[in-house]
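Chain lettering (A, B, C and D) follows the sequence in which the chains are written, and residue indices restart at 1 in each chain.
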Amino acid sequence: MPKNTQQAGKPISPSSEEVLARLEQLAKSIYDQIQSGKPPYLDIPVRTLANTIWDKKRKLLVLGPKTAKREFFDIGESKRFMQTILMLSLIVRARRENDYPTIRDLYYTGKHTIYYVNEYGKKVSEETWDDQRESNAVIQDIEVATGLLREHMGIMHDAKGRIVGNMIIRSKGTEIDLSRMGSGAWGIPSNVDQLEITKVEADYVLVVEKGAIFERLNEEEFWKKNKCILVTGKGQPDRSTRRMVRRLWEEFDLPVYILTDADSYGYYIYSVYRSGSISLSYESERLATPEARFLGVSTSDIERYKIPKNYIIKATERDIKRAKELMNYPWFKESKRWMEELQLFIERGEKIEIEALSGHGFKFLSNVYIPEKIANKEWII
Amino acid sequence: MPKNTQQAGKPISPSSEEVLARLEQLAKSIYDQIQSGKPPYLDIPVRTLANTIWDKKRKLLVLGPKTAKREFFDIGESKRFMQTILMLSLIVRARRENDYPTIRDLYYTGKHTIYYVNEYGKKVSEETWDDQRESNAVIQDIEVATGLLREHMGIMHDAKGRIVGNMIIRSKGTEIDLSRMGSGAWGIPSNVDQLEITKVEADYVLVVEKGAIFERLNEEEFWKKNKCILVTGKGQPDRSTRRMVRRLWEEFDLPVYILTDADSYGYYIYSVYRSGSISLSYESERLATPEARFLGVSTSDIERYKIPKNYIIKATERDIKRAKELMNYPWFKESKRWMEELQLFIERGEKIEIEALSGHGFKFLSNVYIPEKIANKEWII
Amino acid sequence: MSEKYRGLSPAEFFHRNKEIAGFSNPSRALYQTVRELVENSLDATETHGILPYIDVEVRLHEDRPEWVTLRVADNGIGIPAHEIPNVFGRVFYGSKYVVRQTRGVFGLGVKMAVLYAQMTTGKPIYVKSSTRDSDVVGEYLLYIDISRNIPHVQKMRIKKKNKNWHGTIVRLTLEGAWLQSKKRIEDYIRRTALISPYATIRYRSPDGELLFERVSKELPEPPQIGKYHPKGVDIEILKDLIRRSNNNDMTLAGFLEKYFEGVGEKIAQEFLTWAGFQPDTKVKELKLADLEKLATAMKNFPKWRRPRPLTLSPLGPELLKKGVKSILKPEFATAVIRPPSSYGGHAFIVEAAIAYGGEIPPQDNVLLLRFANKMPLLYDEGVDVSRKIVDSIDWSIYKIKFPAPVAVVTHVCSTKIPFKGVGKEAIADVPELEHELEIAIRDVARRLRIYLSKLEKMYEVKRKEVTIRKYMGEVSSSLAYVLNMDPNSISSLLEELLKKELEKKEVTVNA
Amino acid sequence: MSEKYRGLSPAEFFHRNKEIAGFSNPSRALYQTVRELVENSLDATETHGILPYIDVEVRLHEDRPEWVTLRVADNGIGIPAHEIPNVFGRVFYGSKYVVRQTRGVFGLGVKMAVLYAQMTTGKPIYVKSSTRDSDVVGEYLLYIDISRNIPHVQKMRIKKKNKNWHGTIVRLTLEGAWLQSKKRIEDYIRRTALISPYATIRYRSPDGELLFERVSKELPEPPQIGKYHPKGVDIEILKDLIRRSNNNDMTLAGFLEKYFEGVGEKIAQEFLTWAGFQPDTKVKELKLADLEKLATAMKNFPKWRRPRPLTLSPLGPELLKKGVKSILKPEFATAVIRPPSSYGGHAFIVEAAIAYGGEIPPQDNVLLLRFANKMPLLYDEGVDVSRKIVDSIDWSIYKIKFPAPVAVVTHVCSTKIPFKGVGKEAIADVPELEHELEIAIRDVARRLRIYLSKLEKMYEVKRKEVTIRKYMGEVSSSLAYVLNMDPNSISSLLEELLKKELEKKEVTVNA
């Protein structure tokens, strides 16, 4: 059953009027403090591990109730306060003028020099921000303070994802048939919530870590032969790819299978589709697919599929360290199978790539590995 | 006028029969040597700067007449000879079985262990190849030896490019309308030569270095308002993006404008669209767009568009070194304007990003910069 | 062929092996000569309660550019006329073979200078001296008879004193590399003035004149001659003391009480019982094996008292601070002294100072000035115990971030400085000494931290005001845009709120 | 208070300052004592044309674990019975105050050992010796009278010789840290055996016995006593020589010809004219200023001949190679000797060896074994000239890639080794010496390269065959797949072609 059938396929983005209202309300609340004689502050939900809660029932990371009081008159916070208000005004301007800036555009638009005299009496200067990490951080603050995703605010990013399959999407009044892309694919746009998914005829979603494997499976028309939606995020997935996968899972109740290399980076990518990043837990309700299934390639497949020794790559210390970190993620910790798999990876200190399966023939992946794994329910969750 | 009107839009890939024949011929020539009692060798065109010729008339880098005799019985070359023959057999197998392997698949498929006794009497072992650079190198050797591109041989790669505009492509019997992608775009496939471009209604091609800028311009429907084909390679372009741009230029006689950051990396990316890499000069007849025009952002635009000082990034030593290297490329050397621009970059030691123009407003790039530059013919070539 | 055997005089030995004493080349020899003469002059003054006036002059020879004439004059106790030839003309002759803190210890330094001068220029040393209680002045031109290690007087004059002058003037000419050593010599003089702030030092050289006037008339208590500490003796020292006692009836208990530092009747009895000796044994009757047993027991007995500091003469924190301030000219300086301690039977006292800001230039590492028995140590800083301690300290816990204008001064006083080598430039990391030095250095560092903290707090309030005003314009204009309001009205409200906020805080700092 | 002046004996001086001579602690003292005694024994043998037999024994005291008894016996020329007390009981007494290469130079080492023993254990040194031309054996138990620097004979026995024995046996007991120094001592003995391959050295210790039997009966030509080189003199040396000449009629020309190395009538005349002296001047009439002028001129005259190597006694390449092979057991070894050279009037000769493979373990840096006047140098390698040279060489140009099993041996012979310090462990980078050492080291490295090249070439042909066969299977099966043929038929054809190819090449190498 679809998780959210009433809204299946419909655009989810808040309207422009609603977006603008929420942004303006934030400014208003600050002005009210000033007018009533109170030192102004912002209440920002805390984005740290300590305020990140694992929702056992929904199997998601969510932001906890803690908030931080960012005071303008606190010397350690006044700059961040200023940056937040400045960024807010830039985003408001873009919405009022119907522009779609990138986060880099916002960085440049808000960056300028402040001249002043310092505590030692010298004339000096300072930038509103020095690098994009600062401007990005306040965008995140505004996201959590308003409950809006940056995409809803019209902020664009370098979208990497590709998708093909028997599905139709309505975007800007156009019907797009993702089964008629020829050798190409549809490039997933920044704001997936503005899309209407009007038709999906598939048994599952197959998400492939590597773009080259996607190209290969696409050229072979694997999605047609196996009745699936084929997606790639080309490595670590961007927000729009994750959003698309979640919508297919949530709104169309499609099983989601993730195919990565058998290494801690691949396992981490699965983790990003599955529950997201701890530091971005405020996003996970919209960007995570909590029931995503790890199809492969797993460490135990080395034995099961008799991968030759000279296809095996020695895991680095960084790989092992990363795997140990993953073992602390709740969605891995609660899974007996995942803990077994990670423990095996750590013990063996070996990793293999998807392409290592080609030792059994170029068609082994598409004709044997994927269908058999799905048929035999040999995924990991 | 189209450069190649008789073939405008038609698929260019050689047939499978022809591809197979050329590959088999290479093996036959080696067997003939052995049968006639000669130590076997391969005649491979040399892929170095010394055998790279600048075709002044066509404004292209081309391979010169030099070839290298790769002898099996030469201790320094026998492994490479073996690897070449091994790779040849893998590619032949893929063609015979209608597979589309990635270069990584080929790497794994051909990688196995050779056991032998060394000159000191010890039992040792060796891999057919140890990393993908080795297997890639022999793929390139086969390309130059047979005159086929890897895409013609059915080898897939991680394709990054996106394209939108008033154009229709026929692929695998499907008509794809690139003006009906909604907020998304069409992901350019690996083998562009199999595509038939059946209709193009545009005044020019705009190639944007950055994916995020592409997303922004696409969401704004810049291509509709300005009647152009909008392309991105997302940084350094892959072979299929370059091939698509060249086909639009060559077959449909469209001016091609390149938009990058104002730094030596951006200038290099222009260079790759323009004439390709010296080490891959054998590709340039198919992948280069010799009359590509550099639209911006240029170093002189810092002054012209009054870019604020705090938007300017200090160029690194690597940037300066790269710019000096670019000055030695024939297509830069022969251009008075390019030499001026590169000299200015080196002198000022400053760089700016496309997004720096957002200081003049979010719409400045699409409403002022690009249209004015094109109208005033302020590109560089 | 058979071997021919013969003895060498000490003068001949050091003539052949001059590098042993630090006279390895013309540059080092010149520095070393300056050092030897200045240190003798200071020993002749302050050790005897005289405020020093030292005059150092370096001149280059007109005709022979590689020749340097050095003249050092002092207002010290002088040297009796009949002792002058031996003091300057005989290796291993002097007044410092006692348990007492002095700069000179070997009875070698100035003789090496004399040797070096006569072997490189052939010129004799000129000495003029008069003691306080004498009515004559002695003047000599001297050589050392190297093969016999006795003075060779070329010229001598004893004349009646017509002024109340006392002191010593020494002049000699040696082959010296002035250009290569002038920086070190000036540093040495400057640091000597730091550690001797009660001294007036006049330094004239081909580069001009420097005058370091005393900044205090207060002299430290001069050191007294003391006794061996029982913990540091060996068999030969016992033999020597017994021989010199010249008393056939002296008991072992009496011997210990008379000849050793901090040994009274009670502790002597306790030790002898512990060691298994009869207290009434006659020392003259002790056999060599008994002496060995006694020496080992003295070394191992755990209850000896610590040596008293009577033999030492530290500066004290006030004088050290004055010296530091007058030479380094910092904005902040402080100094401390540690209680007396001992290693291997030798008493020692450690002093330290720290200086910050002012004319001290910021550097990536602590500027370290090391002293031992009031002598500046310029060479071999890298292997010295003070550098080891300074490098091991995390200076950020004292609020010092590098590059910083901070200097540390360390001073070790002892009857025997544990130098690492003959050049007397680096102090070895004897555990007891290292421990005391670290405590002293951290103590002054803590005091600097207090000063820096107060300084910081004063700027903190100012910084808050500056920072919030810095961002007020941005906040006002941004809010105004979003809310379609006038920026000035928002600024006014914020300004008002800020003033109220700042009134809650007020800080002053005494530098 | 007034000062009390007195003189110290040299023995008393070094008793007070034992660290100057390298006796700073029980570990170093034990090593230093072994070294002093072994070096004396070797000087007493090879310097006089005797194939050395050295017996070294280290024993720990049963009751006193910190006490170590050291016994060294040799078959040298012995010491005349009447000289034994002074040789062992008087500082600055010996037979090595001449211009000649010996290990001992100061006349101090063994006295320091005696001093250290008597002050730490109270035990006398035992000496037994007999000369070749004597019919008696002298035995002594000795102390040093420290305050007077004269020997104190506790027991003495002179007895008739009943065997034709000659040599010296020395035994003493000192406080020594055996565990901390045993590794160094064993290294020292082993390296001594390397540089003296004509010596048989037996080393017994609490860890067992090592025997290094001689691998050659060929002794190097012993060094002769020579004269000063005119370039290195100073005023005092001139004075001393003139005094010792005892000839009032000697002319300056005659003086130079008689007392200085490599000065004949022609060169003496030329020099005196250059320097502005009358050749027939009587030396006794020269004033001190004349001597200064003479010394300076002698130092600066550019045409003195290089010193002849009569005073030196290098090993020669054959003996050095034998020593290296017997101790390091490499697969390859070679050695070279450089022509005599000089610095500052001192003749020197440099030798070097290189060894590769065999029992030498691969290391990330060249294993360096340094020697001076046939003495192993174990400490302070980091500041030594040989280490500096070895580190500056790009060893890849000699076909050496690290980790590599390569050892370099350097040996400097001179009448005066320019040690950096008193410990006699590191040689200073004197330019003339550095230059010769680098040439020697590169020479042996070049010879190693030739050997490694030949080795490489032999393997090259073999490698070609192996390589092509290695890949033949892949080529055959790949071609067969593409051409739909049988792989074996292609392999057969290729095998036939390969055999023809290999017949064109044939190489052999003599290791």
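To be clear about the criterion, a residue touches a chain if its C-beta (ideal position, glycine included) is under 8 Å from a C-beta of that chain, and two chains touch if they have at least 3 such contacts.
Heads up on the chains, UniProt names are A, B = Type 2 DNA topoisomerase 6 subunit A; C, D = Type 2 DNA topoisomerase 6 subunit B.
Since the model is a prediction, treat every value here as computed from it, not as a measurement.
With chains reduced to the mean position of their C-alpha atoms, the one farthest from subunit D is A.
Our note on geometry: subunit A versus subunit D, Cα centroid distance of 73 Å, whole angstroms. Chain centres here are Cα means. That of subunit A falls 68 Å from that of subunit C.
Per-chain CA centroids place subunit A at a distance of 30 Å from subunit B. Multi-chain contact residues of subunit B (touching two or more other chains): 93. Judged by the touch criterion defined above, the protein chains form a single closed ring in which each chain touches exactly two others. Note for the complex: subunit B touches subunit D at residues 23-24, 27-28, 30-31, 34-35, 37-40, 72-73, 75, 78-79, 81-82, 85-86, 88-89, 92-93, 114, 116-120, 126, 128. Of all residues in subunit D, those touching subunit C in their complex are 1-10, 12-13, 15-17, 20, 48, 77, 79-80, 83, 86-87, 90, 92-95, 97, 106-108, 115, 118-123, 131, 133, 146-147, 234-237, 240, 243, 288-289, 291-292, 295, 421-422.
Subunit D contributes residues 459-460, 462-471, 473-475, 477-479, 481-483, 485, 490, 493-494, 497-498, 501 to its touches with subunit B in the complex.
Considering their complex, residues 93-94, 97, 99-109, 111-113, 127, 156-160, 162, 169-172, 174-176, 180-191, 194-195, 210-216, 218-220, 234, 308-311, 353, 355-359, 362-363 of subunit A touch subunit B.
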